[in-house]
Amino acid sequence: MIRSLGYFWELIKGSLITARHFVVNMWFHTLKLFGIKTKRRGAVTIQYPEQKKALASRHRSLQRLLKRQDLKPRCVSCMLCVTVCPSECIYVEAAEDPDPDIQKYPSTFIIDLSRCCFCGFCVEACPEDAIRMDTGKIDLAQSTRQDLIYDLDKLLK
Amino acid sequence: MACSKAWTRHVDEKILTEHFGLANLYEIEAYLERGGYRAVTKALQEMTPDGIMDEVKKAGLRGRGGAGFPAGMKWSFVPKTSDKPKYLCVNADEGEPGTFKDRYILTHNPHLLIEGIIIASFSVGIHAAYVYIRGEYEAVAQRLEQALAQAAQKGYLGKSILETGFDLDVFVHRGAGAYICGEETALLESLEGKRGHPRLKPPFPATVGLFQCPTVINNVETLANIPAIIQKGAPWFLDKGLAKDGGTRIFGVSGPVVRPGIYELPVGTSLREIIYTHAGGLKPGKKLKAVIPGGMSAPILKADEIDIKMDFDSLAGVGSMLGSAAVIVIDEATPILDVLKKVAKFYAHESCGQCTPCRIGTSWIHKIIKRMSAGHGEKGDVDELVRLASNIKGKTLCPMGDAASLPVLSLAQKFKNELESCLKDGSG
Amino acid sequence: MESAGMKIVIDDRPVEVEEGTTILQAAKQAGLHIPHLCFHPAFVPEGSCRICLVEIEGLPKLELACATAVRDGMKISTQSPRVREARRGVLEFLMADHPLDCPICDKAGECKLQDYYQEYGLFEGAFKEAKEKRDKIIKIAEKLILDRERCILCTRCVRFLSEITKTQELGVFRRGIHSEISTYEDAPVQNNYSGNLVDLCPVGAITDTEFRFKTRTWFLAQSESICPLCSRGCNIYVDYHPGFTRIPGTAKIYRIRARENLEVNGRWICDFGRYGFPSLEKDRGDKILWKKEGRDTIMSWEKILSLLAEKLRPRHRTKNTSNIAVVANTWMTNEELFLFKKIFKDDLGLKKIFFADPRPGSGDGFLLQAERTPNARAAKEMGLELNPVNLDDLSKNTDVLIIFGPFLADLHDPSSLKNDLDKIRTKVLVSSHRSGLESYVDFILPASGILEKTGSLTNRDGLVQKFSAVCPPCGDSRPEWSVLIELAKELRINAGYYSRLTQPEVILKEMGKEIAFFR
Amino acid sequence: MDIVIVLIKIVLALVWFLVLTLYLTWLERKESAVIQDRVGANRASIFGIRILGLFQPFADAIKMIFKEDFVPAFSKKFLHTLAPFLSFFFVAICITAMPFGNDIMVGGRTISLQIFDANVGLLFVLAMLSLGIYGILLSGWASNNRYSLLGGIRGAAQLISYEVALGLSLVGLIMVFPSLKLSEIVQSQGGLLFGFLPKWGVFLQPLGFIIFLFAALAETKRVPFDLPEGESEIIGFFTEYGGLKWGLFMMTDFMEIIIVSTLLTTLFFGGWQVPWLSADGFQFPWGGQWQMARWLVIIFQVLAFNIKVFFFCWLQILIRWTYPRFRYDQLMDMGWKLLVPLSLVNIVGTGLLLMVIK
Amino acid sequence: MIAGLSSELKKKIAEVVARYPKKEAAILPVLHLIQRETGAIGADEERWVAGLLEIRPIKVREVVTFYTMYHQKPVGRFHIQVCSNLPCSLMGGEKVIDHLQRRLGIKIGETTPDQRFTLSEVECLGACEQAPCMMINFDYYGDLTPEKIDGLLKGLD
């Protein structure tokens, strides 16, 4: 019983730590409030929409479809992304291109972002390097479900 | 004949080429004068078909087309009892670069061949023979047709030859420019009026051949040897050559030698002797680099390998082959890459396109060599050639795959250093 | 001579086979697959692809498995390093001349070349030269596209057309690396079996405009079924796409392929059957409707069946069934025809039983039959007379009419049909398809299409072939056998008997007890 | 007139109480943020004016008001609705007994800055706090969710356990300041001990203070003692609540913090008393004094009360953001095996001490 | 063109066809005969031959495209075929080709505008002993040198 009371001291120590943080941070906050610039800041928070952190080079963000030199989509609608997609958010319909070297192009290419889990498998699977997730767009919230359905035009932009 | 001079040159009097010097030997009268058709008379009137076959077997006559299969054996494979007609096909589709012996026989002494055909047909029981002659030999074919007509006139062909009741018709069939038709099954297909695609073996032509009937296919030179065997006997013939490989062979020598031409010499004559004694050695100022001993498909021999007996077994012993006994001499000034390029181009052009390794492999090899000779060779290309050639070798439907891969293999292996010096240096 | 068993050993597996068997067939018996591209069991071996090479003990060269007959005591190795190396070599050659466009190739996923590459290849391509350029989109038939770059010249197509259809529309032109499959001038492949070329092609060289670019093969569920479009009863594969959850209309049948059954159709099906499947999916009725006072009311199965039973039951009780007429068809399965006969002929004792079947077409002398209905034989075997519909007989003194199937509309012209049907008070239609009959009847019961139900069919030669459902029933529809059973239960005749018949298999067994033919 | 005055007092007290409650939510966010090197809520704005997120509570309130009023299926709708109101009510009523300052004279009237000065004020407060258990039990049961029910039962067990310690810890205090009247308790903390130390409860009853602090923290059901709720994993009694009703539970929580703070202030830290400040100004023990106007003194005192309350609110939030949760056996051990015996010891000790002094 | 076949040729063809147990087998000689008359085997000739031999035209086309000696398009009056294979090229076959190209002003595979000469490069002609050699129509010419070629060309016609 007595032995277990040892934690009371630890409790106090703990409070002192948090209190110290409070006091120190409060001090810098107060200084800032009065317009005094200090090297250290009271908080490490990044104020998101105004301040943005640089995205990692390997980040995955909104998909985009790449174009050929003649501005046709690079996609040959092989549907490997459709196959590999774990959340079944991609839908492709193919059509015949008059150019025999291309042959197949997507007449419909839909990514349903409300299902997308941004795993990036589609990018990995693509044999034509036609889809990438490097737009840097990560704030994708929309107010309707329909707005989250990205079609060929939107993805090619 | 626009250049009749060219048709006779440097002839050594022997079994086949004995009377080649005569300008009109192809006329039946001249031939009969020289003792022609005596063998036919002897065979048809004095011998039994089996007796002829035994004699030919004993004579150790091996096929002169390239593979060297004993001729007598080939005949004996044909079923004795068959309600189907049997056919003889004479392979005169001489397409192998370096080979021109059959042309000589056909032009100078067509009756010798006709005699051989009659005896062989009698022995096997054949009543129709086709001479498949390459399309380019139009003049030769005409001469043969003329000889056939003359023979028929004299009663050596047609119904009841020499009143023995034995019928035989011989037809000339011209090819139309496809090396592959020298392969016996492709020849059959071509003769049947189809694309010259080799057939799967078995069944062998001896049982299922032309028009699905038993068929014997022999080379011109092989059949041309038959009359001598019948007339002079197997021991005499065997004595001319080696124990298992009787008679003489017509060696065709081409390339930068003093006297290119054909030389009928006993089987087993050394290559050096052929080149230096008979063909007169290389032209002044040229130095021997290599020799292809048996037509383009034979693996090459380097200059220091020419002390070899020219017979099937000896050449097989050094990894080459006698083939059609066409000796192509290559001089020091010729880059091996050029030789390789010619070889590869020829086989890529002549592949029939039926089976995969030959169709794609030969063209692949040709593309690599073209690239190399255009100066874009890369490190490892020579090894790649060896690898590709070995992938073709032994994996194709017909022997053409081997024919295409063996020279490439031997060239790439024996002249590796020279070939690699043509590559871009560095890792390229 | 009695065919002596040949004892051979393939890959350490002893097998005993008949004389004349090829190594390939023997290996199949031993449960081994030897790769082959040009070989097809229906044709004489050609031996041109060179991928079926095997090693035979004692022979210096590798031999073809497709063309070499076994000899007693042969020891064969299909997987020795030499064999694998040779196959790899052949594959390397094939790949060197084959465009690596699997992503857009419709054969991908069921391509032999892909399969073999996975098993024997897996190398980095050593081919650095320029690939041969060839024509890629050649229309060789109304529905067939030839891609010469993908062609590996196995010539299966050529041989099919010369050996099976004997029409010889395709040939091999030129030679060597330039060899190519082609039609003569502008004479396309034009026979009723052209679709088989797609199945035959081991790679994606011949594709089918009906299937081309539509989907990828790995999305498809392959089901075994029976072609219902004529009385031959060809065995088929139906490739069904279960659909994308989010996109409506993606669940559908993409193609029909031939299934091997040497007794019935060999390895082929006709184009009429192959390309006829869209008609099975088109114009489907999927709602249970009662046209109460001219207004369509959507109903449930329980309600509509009890309504119907109420109309039929009193007549049955009073043995007054002469004013009931039924129209059946022979697109119904054996089980359905049996139940139909049981209920309407035996139990209700109806006299007015008619059959309305599709009009006969013309046969082609090979597989396609003039009789365009899959089960007429069964109806005959059951003792049902295939009386064609006579509208006068049908409508005379008839109060209740039950029509199975949509075919009545095709057989009679609309105005006389309407006139005669208007004389009947209660008209019921049990049909899988919309045909125009809907506007004349009061009750519409949607039936499942033939690919949506399980059962069996009897072909013209009397072969009973079972098949099972390819896809789920469309909308509210139900197979006719289940409709018939539920109706029988509602009628409360022989209730114990019908409630035992819960599955088509059970019904078939019951049929076997009663009709010797189906035993 | 008295009624008017009482009404005014009620309104003022409630406004004070509710505004403090609201801003305690803001404070909690901000304080935790500052402790954790963050910024905390600063987004809520009116026409773009943010002022440190001070509008956050209003945003929360609006959000909660507009959320769906959800009642689980098969639950008793009435009881389900009643529970949060009960909780809220019993805590809110406690404020009536709190003395905010000394009596003031307005227009010849003596007005105490306390709504209702019961002579059992302390017992009243304790009783009301205890009644809050009903809210918890009721919500747990009425939710028709076995996790909620378990949460409610855990809550009741915890609260009852700590109520004992809470009550006992104050016995010593009552013995020292022999009154249950909160105004009197505050008044009697006005003097000095040993001539310089304010005669605050904490100095007279240090052990009692500690026990009371722990027990009171447990009563608020917040983090180290949040077993009834345990939102992150064990799921508590108001799982099935949302919107305004859930908001009421949250407000109750914050109001309990305030009540506990006022109790701590009133009982142990001299309530509105300012050390050395008498009715006419400061009289420092080391001599010297500051004369002050009467109204200034009152303001000082009210201010002092507020500051003390505020401090304890701050302290409780600090504690909540410092410690991890107890395990249930530890909780029970501490309540029954530590705090109750200790408080008994405290009572006996205080009694003995008082006897000795008398 | 095919209608104008001389009766002599038709007789010859009938005789050739009779040599074979199956009519189809006569295709090669018949094509040779027709090509000699018409210069090339076009679709008309193919159909005619197919009709004659009771096979389908596609079979004729298969054969025509397989063998190098049949021309689908007419060649010049003098078809010069130069061997470029190994034995000939060892003796200077390439030089012959170069010379001919320069002399005739056409490349390999081309026909002179006056339709007199067509130049082809062929594989071995089977006259290696007289390398380098060439064939003008069906006549062989060996041991070629530029001077000899010039003389030959002059002597033609």
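Labels A, B, C, D and E are assigned to the chains in the order they are written; within every chain, residues are numbered from 1.
Just so we're on the same page, a residue touches a chain if its C-beta (ideal position, glycine included) is under 8 Å from a C-beta of that chain, and two chains touch if they have at least 3 such contacts.
In this text the structure is predicted, and so the values were computed from the model without any measurement.
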Discussion item. Quick check on the contact network: minimum steps from chain C to chain E?
Written reply: 1
Worksheet item: Can you name the chains that touch chain B as well as chain C?
Response: E
Worksheet entry | Identity of the most central chain, Cα criterion | C
Worksheet entry | Leading chain pair when contacts are tallied as C-beta pairs | B-E
Response to the item:
When centres are defined as mean Cα positions, the distance from chain B to chain E in whole Å is 23
Worksheet item: Whole-Å distance, chain A centre to chain D centre, using C-alpha means?
Response: 44
Worksheet item: What is the distance in Å between the mean C-alpha positions of chain C and chain D?
Response: 80
Worksheet item: What whole-Å value do you get for the distance between chain D and chain E if each is reduced to the mean of its CA atoms?
Response: 114
Worksheet entry | chain B: positions in contact with at least two other chains | 178, 195, 349-350, 352
Response to the item:
Each of the following residues of chain E touches two or more other chains, namely 59, 62, 66
Worksheet, complete the sentence: Inter-chain touches occur between A-C, A-D, B-C, B-E, C-E
Worksheet item: In their shared complex, at which residues does chain D touch chain A?
Response: 31, 33-39, 318-319, 321-323, 337-338
Worksheet item: So in the complex, which bits of chain C are touching chain E?
Response: 168-175, 182-185, 187
Discussion item. Applying the document's contact rule, which stretches of chain E touch chain B when the two form their complex?
Written reply: 19-22, 24-29, 31-32, 53, 55, 59, 62-63, 66-70, 81, 84-87, 89-91, 122-131, 135, 138-143
Fill in: Sites on chain C touched by chain B in the complex
45-51, 53, 61-62, 64, 67, 86, 89-90, 92-94, 96-97, 126-130, 132, 152-153, 172, 174-179
Worksheet item: Okay, in this complex, where on chain A does chain D touch?
Response: 1, 5, 11, 14-15, 17-19, 21-22, 25-26, 29, 42-45, 47
